[in-house]
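Note that chain A is present in both complexes that follow, paired respectively with chain B and with chain C.
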Partner chain A sequence: MALGASLALAQPAAPAAAAPVPVTDADIKGVAPPNADARVKGDPDGGLTGTVSDVAVGDAKKGLTVGDVINQVGQNKVAINFVWTLITGFLVMFMQAGFAIVETGLCRAKNANHTMMMNFMVYGTGMLAYWLIGFAIQMGGVGGVGNLGGAPPLNTEHVMTLFGKPFGLFGQHGLFLMQGGTYDVAVMVVFLFQMVFMDTALTIVTGSAAERWKYAAFLVSSFIMGAFTYPLFANWAWGGGWLANLGTNFGLGKGYCDFAGSGVVHAVGGLTALALAMIVGPRLGKYTRQGKPNAIIGHDIVLVLTGCFILAFGWFGFNPGSTLGASGNGNLRIGSIAVNTMLAGMAGGFGAMFYMWMRYGKPDASMSGNGLLAGLVAITAPSGFVNPVGAVIIGLIAGVLVCLSVEFVDRVMKVDDPVGAISVHGANGLWGVISVGLFADGKSNYGGSWNGVTGSVTGLFYGDASQLVAQLIGVVTLVGFVFVFSFVVNLIIDACIGQRVSAKAELEGLDLPEMGQLGYPEFELKARPAGAQ
Partner chain B sequence: MTAIGILVTFLGFVLAVLSLTLTTSVNGRLFIVLAGLAVSLIGLIGIINKGLLKNAIWRK
Partner chain C sequence: MELQVAQPTGLRLPPVPWRDPHTVSPADLAQYIRQLELACEQNPRSADLRTCLGMAHAMNYDVYQSMDALELAVQLEPDNFWAQLKYAELHYRLRALIVAEQETLKAIDLAGNAWELSLARKMLQEIRRLGRDGTQKPEWTKPLRRPALVLMGMMVIFSLMVAFR
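Entry: the complex of A and B
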C-alpha cells in the first residue's frame, strides 16, 4: 500500500485536456510524400511504403483533401473486414475436407468411394441450390451489414403480422446474385461466407445416412435442404426474421442469439440427419432381432482424428469470422472468440475421453474426436458472448453429453448413426443454443446493441432470464418445425424415388453398385461379422 | 402413427410461439415454452420413432 502511494506521488500531474484542433485541407497538403530518390533504392524496413502518396485523390485539381482522407479511412475499414470475412470463409470451406475424411474413416472400406463422393458433391449441390434461391430466402431481407459497407440491396423481407407484431418469414432479394440490385461487392462477400456455412449443415446429414443412402436421393435431398430448409431457419435467426426480433417485439433479451450457428448450422444439420436416419433405417446387421445394437467399427481411425484436427482448424474461421469484420463495432472480440473456441474444443475432448475411460475402461479414440467436435459445436452459438471459464464449462458438458446422446440414440431410439452426427451436431447444437441463455456474461459489445436491442447479450447466470426464454423458443422451433419440415420432405423423396439402396448393394458395399468404382481397388476387402472388434 | 407424431411434434412449436401472446411474464413464457419442448420431444421420440420401430428392418 505504501509503495503504491509513493509511486502515485511520483507520477507527473496530468496535463489539462487540450481543445480539439480542426484539421483542414491545408494541413493535409503539408504532409510530404517520401523522397523519390530514397524510394527508388528500395524499402527494406517498410518505412516508406504506405504513405500519403497512397491515398486516393478524388479531384486531381484540388489535390488531397480531408474528405479524401476520411473516405480512405472508411474504405480501409471495409477492406479489412472484407479480407477478414473472405479468409475466414475460406477456412470454413476447408472444413468440408475434414467432414469428408472423418465420415469416411468412420465407415467401412467397402463404402469409402460412396461416402467421399457424397461429401464431395454436397459442396456443389448445396452451392447451386443456395445460389439459385437459398441465399435470397436467407439474407434477402437482412437490411444492411454495417461491417461490410452496408450491402443495402438486401432490403426486402416478407413479413406477416401476428399478435400485432411483424414476423419476418423470408427474404426476397438476391436470386442468382443478380435480382434486386444484388450484383454488389458487399453482397458477394456475404454470399461466400453464408454459403460455406450452409454447406457445413448439409454435409452433416451425409454422415448419419452413410452406408445405405441412395446417391440419387442424396442429391435431391441435399438440393432441397440448401434451397429451403436451411435458409428458412437461417433467415429467422440471422436474416432479420422473427426469432432475431423476439427482443424488439416481445422484450425477450436481445432476441434469439446464435453467434456462429450452433442452432442455425449444427442443430439444423443434426436434426435433418436424425430425420434421414429414421427414414432410411439402420444398416443391415446393426441390430439383432431382439433389438440389441452391434458395433460396426470404421476402417481408419487415423483419417478420423486427422479430420477432427482439420475441423478444429476450420472452426477458427467459423466462429471468429462470424463477426463479419475485424475493424469497428467491437470486432476486436475476435481474439476472445478464437480463444473460447479452442478452449471449448479442448474441454469437449477431455470430457468425452474421461467419460469413456471411466465407463468402458479405455479412452475411446473416435469418441474423443467426437468430444472435441461436440465442444466446438456447443461453443459456436455462445462464442461471442461468454468468457473463457464459461467456454470451458460449456465444452466439458458437451463432451459428456455427446457420449450420453450416442448411447441414447443407439440403444433407446435404435436409430443407426454411423458417425455420431445426430449427437455431435444435433444434441450439442441445441445445448449450444441453450448455453447462450445461461452463460452470456453481458461484457460483449458489438456496436452497443444486438438484434436491434441496446446493450450486451446477458444470460440467466448474469441476471437476464428472458434471454433463456428466447433461446428456448429457438430450440423448440428447431425440434418442432425444422425436424418436421425435414422429415416430411424426405418422406416425400422416399415415396418418389426411394431413399435406401437394395440389400444386395448394401452387403456388397456401395462403391461398385452406386459409384461404379471401388475406393480401394488394390486391396482385398474381407467381410467381418458385425460386432467383431 | 407417423402422421400423428408429425402433428404432435409441430404442436410443440405452435405452443412455444403462442407463449408470446398468452402471457407477458418471463416465468409464464418459460413454462409454456418448456411444455412446448416436451410436447415436441414426445411427438418425435415417443410417437414417430416408436411407430417406425414397429416396422424396423431388424424385426424382419
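Entry: the complex of A and C
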C-alpha cells in the first residue's frame, strides 16, 4: 500500500510520541453508520448524508476494509477532477455563443444569419472531424493523464528520430473514440475538453472571413482544420510531441509551455484566419483604389459587448479547467489561474480603451471589447505560471497591442478582418506564448514537473532564459508551419470549390443568397434608394 | 437601347436607359457597358458618360470598375453634381459610410436646383441613420510609429520593473 509505505518512511524522523497509528480494518469496521430512524426523518443540515455507509465495499464477505476506503479516496479524487474538467469544458463550449454574437454584431445586418450559421455549424463540423481523426492525431500518444486516472489507452505516438533524439509527430490511438481501447471513461473526458478547445480555434477563423466566405468552402475548410491543422500543432505542444519535449531533449526550460492554449488554440486560429483572409480578399468597398481602408460599420454593439462578457465567463473554464483537475498535483492553483484570467482580461480592456481614447478622442466600445479578449488570449498560455502582477502587465500590453495590430493589419498589410480576429487571437496568441518565457515566476508546482522536466516553469525575468528560447521555437513553428499549412490548404480549397461568394451575393448580403433566409426578417434592412419617396 | 455617342458635356441629367435597372437582362447590361465604354473612348472628357458607365458597372456588381469610372468622372468635372452624387452613392451602398457622408456633402454643395438638393439630402439622411444605428468603427487617420514606440517603451519599462523587482 502506498499509504503504508509513506507512513513507514515517516516514522524514523518523527518523535516516538507523535508516531501515527496505522489504521486497520477493525478501526474501519468500528465506524458506525448514522441511525436509520434518524435518517428517515430527513437531514436538513446535511450532517447525516455521505457517511461510511456510502463507501463502496469490494467484498461483502469481508465487509469494509482499509483498501475499500483508499479506493474510494482515489475514486473521489478522480471524480472531482472529472467533474471539474467536464464543467469547465461545458463553460468553454458556451464560448461558442459568445464568439457567434461578437462576430455577428461586428458584421452588417444583411449578413447576420450567415455569420451566426457559420458559428453554429462550426461546432458540429469541427466536432465530427475531431472525433473521426483529429483527437487521435492530437492525443493518441499523450501517454496518460494522471489527474483523470491515467487514460492509459492514449499511448501510441509516431516518433521520428532526429539528432539522436525522439521527435513525436502525431498520435495513433483514438480514431472514432474506439480504436486502440479508447472507449474509456477518462479518454471521454479528455476528448470532451480538448474538443471544445479545438472548436474555439475553428470559430476564430469565421470572423476574419465573415461577410464574403462561401458557406460550402467554410464547411470543408473547418473540417480540415479540425481534423489536421489544429490537432498536429496541439500534439506537438500538448500530446507528447516534439515541442513539449524540447526540455527533455535539448534542455530548453520545461519544453514549450502553453498552459491553456494562447498558441495551440488562439495563435493557430488567428494565423489560419490570416491565411484565409488573405485568400478570400477584402470585402467589396473596404479599400479604395489607392488602398486606403474604408471603415465598414457593424450593426449591433450591444451584441458585441454581451458576447465579450460571455467569452470572459467562458474563459474561467478555459484557463482554470486546463489543470484537468481540482484535486491533487498542485491543482489548487486553480484559484490563482482564475484570478490571473480575470485581471489580465480587464487590464486588456482598459489598455485598449485608454489607447483609443487618447488617440482618437473616444473610448471605442468595439476596441475595448477586443482589448478584453486580447488580454484573455494573452494570459491563456501563462495563466498557470505567472503571478497577478505579471498577469496585469501581460493584459495591459495585450490591450495596446491589439489596437496597434488591428490598425497594422487594416492599413499596412491591407488584409480585411471585419472582427479583428487576426489581431485578437493571432498577435496576442503569439504574445501570450512569448510572455510565458518572460514572466513565469517558478512558483507553480503541478506534481513537481512539467513536460517531464523536474521543477517549475520559470521565465527570463525569474532566471531561466532557456524557457524563452523554447517559447520562441513555438512561435516560429506557429508562423512557419501553421500559417503556411493553412494557407496552402485553403488555396487548394479555393482552386477546387472557390472560397468567395459572388459580388452580387456579397452586395445583397449573404443571408438570402447563401442561407435562404434573413437574419432579421422583420427589420427593414435595405435603405430606400436615394430620391425614392 | 441606342446610345447617343457624342453627348454634350454640359448635360445636367443622366440618360435613363431603364425604368427599372433590376429587370435588365445580363446580356443587355453587357451590351450597354460595351457601348458606354466605346462612347467614353470617343469622348474622353465627358464626365456624364463616365458617370453612366460607373452606374452600369455598379449594376453589374463590378465595384472597382464602377469606382474607377466615377472617380474619373469627378476628376474630369469636379462641379458635376451627378458624378459626385453617384460616387457618394456607391460608397453608401458599400456601407463605407464615412467616405459616403463626405462625398454626399460635396454633392449637396453642387446641387443646382431643389430636386437635386432633395436627392442628395435624402441620401445624406439615410447615411447618417445607418451610421447612428450601426457599430461605428474607428477610421485610421494617424501614423502608427508613435504608438508603436509607446508600446515598445511599455514593454521595456514593465520588463525592467519585473527583472529588477
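Here are a few things to note about the model shown:
FYI, the second predicted complex is superposed on the first by the 508 of 533 C-alpha atoms of A that agree within 3 Å, B and C clash if a C-alpha of one lies under 4 Å from a C-alpha of the other, contacts with A are read in each partner's own complex, and residues count from 1 in each chain.
Criterion: a residue touches a chain if its C-beta (ideal position, glycine included) is under 8 Å from a C-beta of that chain, and two chains touch if they have at least 3 such contacts.
Every value quoted in this text rests on a predicted model; they were computed, and no experiment measured them.
Because the two structures share chain A, they can be overlaid on it, and in that overlay chain B and chain C fit beside each other without clashing. Within the superposed three-chain model, A:396 lies in touch with chain C and out of touch with chain B [touch as defined at top]. Contacts of A:356 after superposition on the shared chain: chain C is touched, whereas chain B is not. Once chain A of one complex is fitted onto chain A of the other, the partner contacts of A:417 are absent, as it touches neither chain B nor chain C. Legend: residue contacts after superposition of the two complexes on their common chain; A:282 is shown touching chain B, with no touch to chain C. In the superposition on chain A, A:468 makes contact with chain B only, not with chain C.
In the superposition on chain A, A:298 makes contact with chain C only, while chain B stays out of contact range. When the two complexes are overlaid on their common chain A, residue A:514 makes contact with neither chain B nor chain C. Of the two partner chains placed by the overlay, only chain B lies in contact with A:487; chain C stays clear of it. Seen from the C-alpha centre of chain A, the directions to the centres of chain B and chain C diverge by 60°, a value given as a multiple of 10 for the model superposed on chain A. Counted by residues of chain A touched, the larger count belongs to C, out of chain B and chain C. After superposing both complexes on chain A, the closest C-alpha pair between chain B and chain C lies 5 Å apart. Touched by chain B in one complex and by chain C in the other are residues 284, 286, 288-289 of chain A. Touching chain B in their complex are the following residues of chain A: 162-163, 246, 250-252, 278-279, 281-282, 284, 286-289, 291, 413-415, 465-466, 468-469, 472-473, 475-477, 479-481, 483-484, 487-488, 491.
Residues 2, 6, 9-17, 19-21, 24, 26-27, 29-30, 33-34, 36-37, 39-41, 43-45, 48-49, 52-53, 56-59 of chain B touch chain A in their complex.
Interface residues of chain C facing chain A in the complex, by the touch rule stated above, are 61-64, 67-68, 71, 85, 89-99, 118-120, 122-123, 126, 129-131, 133-142, 144, 147-148, 150-151, 154-155, 158-159, 161-163.
On the side of chain A, the complex with chain C involves touching residues 105-106, 108, 284-286, 288-289, 293-301, 304, 355-356, 359-360, 364-367, 389-390, 393, 396-397, 400-401, 403-404, 407-408, 410-412, 438-439, 460-461, 502-504, 507, 527-528, 530-531.
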